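Order of writing sets the chain letters: A, B, C and D. Residues in each chain are counted from 1.
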Amino acid sequence: MKRAASGKPTGRASATSSNSVKGVPVSSVLNAGLIGAGRIGRLHASNLAHHIPRARLVAVADVVEEAARQSAAEHGIPKAVADYRVLLDDADVQAVVICSATDTHAQIIEEAAQAGKHIFCEKPIDLTLERIDTALAAVDRRGVVFQIGLNRRFDANFRRVRQAVEQGEIGRPWQLHIVSRDPLPPPLAYVKVSGGLFLDMAIHDFDMARFLIGSEVEEVYAAAGVLVDEAIGALGDVDTAVTILKFANGAIGTIDNSRSAVYGYDQRVEILGSGGMISTDNNFPNSAVISDGRAVHRDLPLNFFMERYTQSYLAEMTAFVDAVLDGGTPPVTGVDGRLAVVLALAAQKSFRENRPVRVSEVDLSRD
Amino acid sequence: MKRAASGKPTGRASATSSNSVKGVPVSSVLNAGLIGAGRIGRLHASNLAHHIPRARLVAVADVVEEAARQSAAEHGIPKAVADYRVLLDDADVQAVVICSATDTHAQIIEEAAQAGKHIFCEKPIDLTLERIDTALAAVDRRGVVFQIGLNRRFDANFRRVRQAVEQGEIGRPWQLHIVSRDPLPPPLAYVKVSGGLFLDMAIHDFDMARFLIGSEVEEVYAAAGVLVDEAIGALGDVDTAVTILKFANGAIGTIDNSRSAVYGYDQRVEILGSGGMISTDNNFPNSAVISDGRAVHRDLPLNFFMERYTQSYLAEMTAFVDAVLDGGTPPVTGVDGRLAVVLALAAQKSFRENRPVRVSEVDLSRD
Amino acid sequence: MKRAASGKPTGRASATSSNSVKGVPVSSVLNAGLIGAGRIGRLHASNLAHHIPRARLVAVADVVEEAARQSAAEHGIPKAVADYRVLLDDADVQAVVICSATDTHAQIIEEAAQAGKHIFCEKPIDLTLERIDTALAAVDRRGVVFQIGLNRRFDANFRRVRQAVEQGEIGRPWQLHIVSRDPLPPPLAYVKVSGGLFLDMAIHDFDMARFLIGSEVEEVYAAAGVLVDEAIGALGDVDTAVTILKFANGAIGTIDNSRSAVYGYDQRVEILGSGGMISTDNNFPNSAVISDGRAVHRDLPLNFFMERYTQSYLAEMTAFVDAVLDGGTPPVTGVDGRLAVVLALAAQKSFRENRPVRVSEVDLSRD
Amino acid sequence: MKRAASGKPTGRASATSSNSVKGVPVSSVLNAGLIGAGRIGRLHASNLAHHIPRARLVAVADVVEEAARQSAAEHGIPKAVADYRVLLDDADVQAVVICSATDTHAQIIEEAAQAGKHIFCEKPIDLTLERIDTALAAVDRRGVVFQIGLNRRFDANFRRVRQAVEQGEIGRPWQLHIVSRDPLPPPLAYVKVSGGLFLDMAIHDFDMARFLIGSEVEEVYAAAGVLVDEAIGALGDVDTAVTILKFANGAIGTIDNSRSAVYGYDQRVEILGSGGMISTDNNFPNSAVISDGRAVHRDLPLNFFMERYTQSYLAEMTAFVDAVLDGGTPPVTGVDGRLAVVLALAAQKSFRENRPVRVSEVDLSRD
């Protein structure tokens, strides 16, 4: 997805002060509106309201208006509404942070772009490539800044791995292994609409694979099953998956996904290269180790994404704010968001047909 | 230091709304004034201004008025002055955070207490017991909340150790070992006025020893020398010290202090008990481990206190704000601050006379 | 491979003293003959001669007679010959340890069984199922003890993992990940005759997978390539492989193989189960960790199999001697040796045809 | 202890073949006699009989003749007697390994030296300097090889630390910390005759301190108490001790000793130097780590010295055999054995008088 070269106004602070998108005033602080005040929305609200000095949260929308109001009260947000279109019509809102249900993302992206708002959108953009492409085309047309919420790229551990690959600390990458396990399965109600393990959970790992190796995936093979909870299987989804990725540079990767890990959130990567290996561990609440009469033990790792990725959520939003105000390229683009979905769809197809699937089978643009 | 039972007004939010200290209105947000805008002062300013929702920084004073103004500009503090007494006279200021030079602490504490301000003071209260006792008596007379900045008690690793001792996870404590090393020596100008290694650096470890073991130290023996930098010795100070602590409960502790550790800030503790051992490691910027052709290695630990204790500085100030607003006892009291100095003085005396020193030799009140 | 129920004499010490196989006398010490005095042969010779009190090495054969003589001199072995048949004809030799070239294994097994000798044979039995089945049938007919040299089952780390699975410490196993990397590729001369990465190197890992999970593999998919050395590719082999294993119990496993790891021999496993995860690390020459001005580092892991598996080689041979003398079942049977080859052949086929391969496609007996 | 320069025959294999001490024939294999077949004696017997190709165990003596006979039967030793003098009179015995009760060491050393036998003696030589000096003088007069059983110097972890200090990997050493804890107290019967914690247990650590730092200790201060078991105190001994060591090179060390560590044998060291820090961990039976619903845990460290120091016992005896046969200096001399006792006596005196004690107060030869 090339950014259009048409010289469209982008409303960034780095532009001259007369620049604007749809009348949004340029300033050194970004006025943001939050769309969707669920769990992840409240997390972004807290960061925007309290921890990012260059951002201000000026409005919040949630279809459950009471949720919007609570969020507004908690974080001192001046405006709380049910309809996100109110934010799109608000000249004070320079950027929107989309945290609503997945099936609304593409529609809101299109409207927000049309309204000249810069956009931060939670992953995935959509579950179909058609809708993704339409939404990204709208973004492109208006030239607004667009960042997708693949926050793990901002995690200190994974950034260090990326740095090692980039700087040649481990030579050319040969093998990648990603472990990505949730402490426990999501509610069945969520499983029904999430798009399934590959599209809702492994999508982060597909992006991580591309990010870490720095080469595109050409073929995937996925083995999966229902080992954790038969109710998940009854809904047509799997809860355990292992995916092999073949990269254009010859590297081969594996991803271990599980909906259940009794010891907590398990998020690790390891890369073997011609010059060495790099591997990361989970994050822990403290470093204390107890040796007693039975074992040498320590506390369990941080339990789930809210604890483990606290800093990466803050860092990604800071990067978005900086990209809008300073005019840099956002570090995770619409193309990144699209390709994560492409790989998830290919893995899903591979599992269903029990055969290796070329990515170009799913993404015709890659032939 | 018993809190006076005289029913003096304390100005805490938990009191009835008509309660006040010197006219300071009770509210759910604490208006704080910062005295001293040096390195540690700016850190507290950032926390009070941005990361503690229940606090508001309403004024800052620094003898270098430009420093106060810069701080005010950076954090949006309405008032910046050179003379701290302006803050003591300001009815809007409910509490002061004292980060000025050590030799001003006792004087400011007395005046602030007299003015009915609640007080958070950086360690040490003073380098002499006489001045400490005078200052704490002033605090006691007015019944204001007083917390001393022994922030390491709020570190997640050390809290976990304390928890293990309290909950009997390692049985009765028998041996304690504290490692406390700075990455590099302070400027010689600081060495001249700091009171020396025991009073300026080891003081944190003396407090940690009392905190972790939960028993008072009765005797100390300190061995020390000048191994790092002869210039430090030329100023009459040491740069390397090992101190043995004998606790009332029979436990024996050691503290390893050094002004220099090329690998960074080294802050670890270990306790052996009748039921097991607990030990902590340093904190690292990431968990990545690289195995290459020469070694298995990881990045150095966080370099110094600003990085290592980021969270503990925030937690201690939050605790202070909560103690004032909610009326609980502050978690680190004036007595704690005083005893840390007592132990430092005893260690200094032990080193100079090369003999074990009873704490009661230094602190006559303990006979 | 069921042991024949025909009451054939087994010559084990647990039998009455009149029992014998082909005149081999029963005693409390096993007289062994070594066939093949190459690297692995010399290792077994040292163990049998010096470290297994119940064994005695009474003869050694090597097609290079000088190698046999050197071995004999080094370990005080009375007889050294070029022709292994001399050992098979020697009534003093109760058991043979076959360490000759792979393509001689099946033939020697047949002849040794025919001669009533108990047999320890290095892996693999052969590279074709036909020859394996013929050899094992000969073993079966004579009822001699047969153990295959899949030594890693005796490694303390992997035994602990097996124990955890058996005792339910991690619940039902869901995901297995094996890392198995050599420090550097074998000589090209060896690559030519070894049967390739899957049959020569990964074979250990296929056995480990069966051993650890305790369930049979039903389907494999292998991705592989030439990343380390193009000369290996020119010989028709690969140097990098990732294999997915689907087990009968639903578990899914992956094996990461590489012919090169600059940091040394990399041998680790990890299993996720319904009740937890178990993972092992490499073995190191010491536990010393150095923190200097650049990194926190430790020495590289033990470099290769002779160092890493020293104890497991001794343990497997001790187990063989005990099985013969005491009459227990050998802990790694001919069936285990056969199935490791079956899985290697299936992985090879999967790689060549780039599709999942049912194990029953390769091993018709499993339909 | 200087080796006498008188050209006395030493009977080492490296000398010309006509050389002999008291008629002991020179050969490439050392004929050794074991004196004392208790626990440590049996360990050395197993090593000499089975694992050191250049040694042969030709006789064993124990005051309990049945113990000598059992040992002989177990290891195929030709001669078993009650009276060690039989070994001293046996021309076939070139060296004796003294593992009898501590109070017999000095006497046997003198007689063995007189008989021209090379001597390996378990620590301590004796509990009094007078007897030690007499015994070492006898050794010196005859010029026999003498090695003391301070086996920990041969441990892979501690050797690596020594190497780091010697090669400057951590610069000049500044601080040393030794942790040395037994899993549980010895029988009270042993406590009565052992000489006490400093002479029986900490003696290893005093030697380790000298070995690692490579500088002599000039002053010690010991704090100690009875925390583990009052019955130990009732016998006049302590069960918990912390000792400070001041080295000639300015370094300062601490030793943590405890008679009880519920998690097993705790044997670790750490050195801070001008260029870095090195620290070692305990040894574990395996590297497996289990993460379950409660904790991340691993098995306890190897429980006691027989398991932890298996390799170091073998290495020290191999070094002794090599020193005798090849003529090198034994790696742990009589002087080392003597100085370990000197430091133990100084620590004991320091504890009893609760003051720092100069080593020269105990060892008049050091003035």
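Definition applied: contacts are C-beta pairs under 8 Å (C-beta built on N, C-alpha and C of every residue); 3 or more make two chains touch, one makes a residue touch a chain.
What you are looking at is a predicted structure, and each value in this text was computed from that prediction instead of being measured.
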Chain whose average C-alpha position is farthest from chain A's own: D
Comparison of A-C and A-D (more C-beta pairs in contact): A-C
Centroid distance [mean C-alpha coordinates] between chain B and chain A, Å: 40
Distance between the centres, which are taken as Cα means, of chain D and chain A, whole angstrom: 61
Euclidean distance of C-alpha centroids - chain A vs chain C, Å: 45
Residues within chain C bordering two or more other chains: 261-263, 275-277, 291-293, 299
Interface residues, chain C side, partner chain D - complex: 50-51, 53, 156-157, 159-161, 164, 169-170, 275-283, 285-293, 299
Sites on chain D touched by chain B in the complex: 171-172, 174-175, 177, 179, 181, 221, 223-225, 227-228, 240-242, 244, 246, 250-254, 256, 258, 260-263, 266, 272, 274-277, 354-356
Chain C-facing residues of chain B, complex: 261-264, 291-301
